Amino acid sequence: MLTIQRLDIADARVMIAGARAKAEEIGVPMCIAITDEGGNLVAFERMDGGKVTSSTIAVDKAFTAAGAKKATHDYGEVSQPGKPAYGIASAIGGRLMVVGGGLPVEVDGAVVGGIGVSSGTPAQDRDVAEAGIAAFMATL
Amino acid sequence: MLTIQRLDIADARVMIAGARAKAEEIGVPMCIAITDEGGNLVAFERMDGGKVTSSTIAVDKAFTAAGAKKATHDYGEVSQPGKPAYGIASAIGGRLMVVGGGLPVEVDGAVVGGIGVSSGTPAQDRDVAEAGIAAFMATL
Amino acid sequence: MLTIQRLDIADARVMIAGARAKAEEIGVPMCIAITDEGGNLVAFERMDGGKVTSSTIAVDKAFTAAGAKKATHDYGEVSQPGKPAYGIASAIGGRLMVVGGGLPVEVDGAVVGGIGVSSGTPAQDRDVAEAGIAAFMATL
Amino acid sequence: MLTIQRLDIADARVMIAGARAKAEEIGVPMCIAITDEGGNLVAFERMDGGKVTSSTIAVDKAFTAAGAKKATHDYGEVSQPGKPAYGIASAIGGRLMVVGGGLPVEVDGAVVGGIGVSSGTPAQDRDVAEAGIAAFMATL
């Protein structure tokens, strides 16, 4: 059998709070999703003014980052036309996200969860996701 | 145009906290989802030990209750074999939930959101959903 | 709680009538969809001769524009290969439309709904959608 | 953070071998799926002659049993007409299986995975799933 470390709900709340603080700082209301390392949803918040379409997108960014152990913006690069992963964006019924804003959460070299952020530009989404991870790392 | 009242993220947090307190009291870790009155997700928590399958089910119970302005257990009754709504359980790609645990949130006679709870028995899920609504009502 | 303004069915009829008049003027039978600000369908018409496939596309264009508070042709630009939102076209099970013809409906700076048009070229679809919005704005 | 025990691929192979031996004994070629405790697929085999439709059904039985920590035949009982969970069979896009043949795999009181079997009668599927678990338990 395998022994796995994974985020718990307290960790997820810390990450959402950290991400939300950054979103408020840059003035962009966000959808923020946290999954465990298996890609299953642990916690989610749509800030007032966050986009309705971004609910699903944030969840799927977190799912992709956790499940694939890869930042979604890294998929963005390798899935460009002519690149090796071209076309992967529509995989898993469209859940495989290649737009920035999804990051794996790593502790001691192992993925323990994922965070997905959506409603701003992909660069803003990524900044806010990084703030969520930083808040969590500060608790370790 | 229409003027609509809807839950905000602060209301959603109050509901999740109220539901969680009840879940802890009865000793059943739950998935708890809050949607706005349009059925779009506002907030979600899977308590440590909540069922993975219940993530989707909780969200869909809240979606059904808010969107249809009806408790999911009421659908359970009218969708029994021989009853008028028989078969509706598989509507909307299976998102229409007829199992107890989804409740519309009503203020002044208007639906402002929905709460969906899953992981326990349907009766436990419904009790926890009611506790979430009660916590919110106490703030009005 | 939040107080939201949203299109009512009378507004939706005005928008469809405005869009239809433009579609007749340019001689292209269209599918025309109106959603509220949560992306849920309010009204729809497929003019005689409108494309069957465009029923879904028009609805999804309106859903995208309302839910993301963004014209679908703007997504078209930022989702080109090499651009930041590349790959977003397949998000939300493919419902996220990046082809022109979907517009958010804004009143006093807030999105109150969306219109989606499909059956012509993206440029024609967009012109017809704009005509629908103009007809609505004239009633305010 | 949480520390989780889960099946590894060696465990999954033992379970498939045990299930396959039982399937051969009763003369019914089966589809056999093993998931981890998060419901994600670890291993799968369709024996020569196993039903094509049973590929998905076996995977979904294992997903349901692991994710809900419950045997699928238990869902079968509580989801009968008039029972509390009536209608749950179509949840999660129809992935929630209430037909026998899906079992959670438990070690020291915690679910570490799931096994799903399909192609025979539900009773045969369940017998084969139990044989898979028994083979695994013998290795502990």
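For reference, chains read A, B, C and D in written order, and residue numbers begin at 1 within each chain.
Quick note on the criterion: contacts are C-beta pairs under 8 Å (C-beta built on N, C-alpha and C of every residue); 3 or more make two chains touch, one makes a residue touch a chain.
Not measured: the values here are computed from a predicted model.
S.K.: From the C-alpha centres, identify the chain that is farthest from chain D.
M.R.: Looking at centroid distances, C is the chain farthest away.
S.K.: Cα centroid separation between chain A and chain B, in whole Å?
M.R.: Centre-to-centre distance between chain A and chain B: 25 Å.
S.K.: Between chain A and chain D, tell me the centre distance in angstrom, where each centre is the average of that chain's C-alpha atoms.
M.R.: 30
S.K.: With chain centres defined as C-alpha means, what is the inter-centre distance between chain C and chain D in Å?
M.R.: Computed from C-alpha means, the inter-chain centre distance equals 45 Å.
S.K.: If you average the CA atoms of chain A and of chain C, how far apart do the two points sit, in angstrom?
M.R.: Averaging C-alpha atoms per chain gives centres 29 Å apart.
S.K.: Using the touch rule from the top of the page, what residues of chain C touch 2 or more other chains?
M.R.: Residue numbers touching two or more other chains: 2, 38-39.
S.K.: Touch graph across the chains, line, ring, star, complete or other?
M.R.: Shape of the chain contacts: other, as it matches none of the listed patterns.
S.K.: How do the chains pair up in terms of touching? List each pair.
M.R.: So the chains that touch one another pair up as A-B, A-C, A-D, B-C, B-D.
S.K.: Which residues of chain A touch chain B once you look at their complex with the stated criterion?
M.R.: Interface residues on the chain A side: 8-9, 12, 38, 40-48, 52, 55.
S.K.: Touching residues of chain A toward chain D in the complex: what are they?
M.R.: Residues in contact with chain D: 1-8, 11, 36-40, 67, 107, 112.
S.K.: Which of the residues in chain C come into contact with chain A in the complex?
M.R.: Contact set of chain C toward chain A: 2, 38-39, 63-64, 66-69, 81-82, 84-94, 96.
S.K.: Provide the residue numbers of chain B that touch chain D in the complex, in ascending order.
M.R.: Of all residues in chain B, those touching chain D are 48, 51-54, 56-57, 60, 75-76, 79-81, 89-90, 93-94, 97-100, 121-123.
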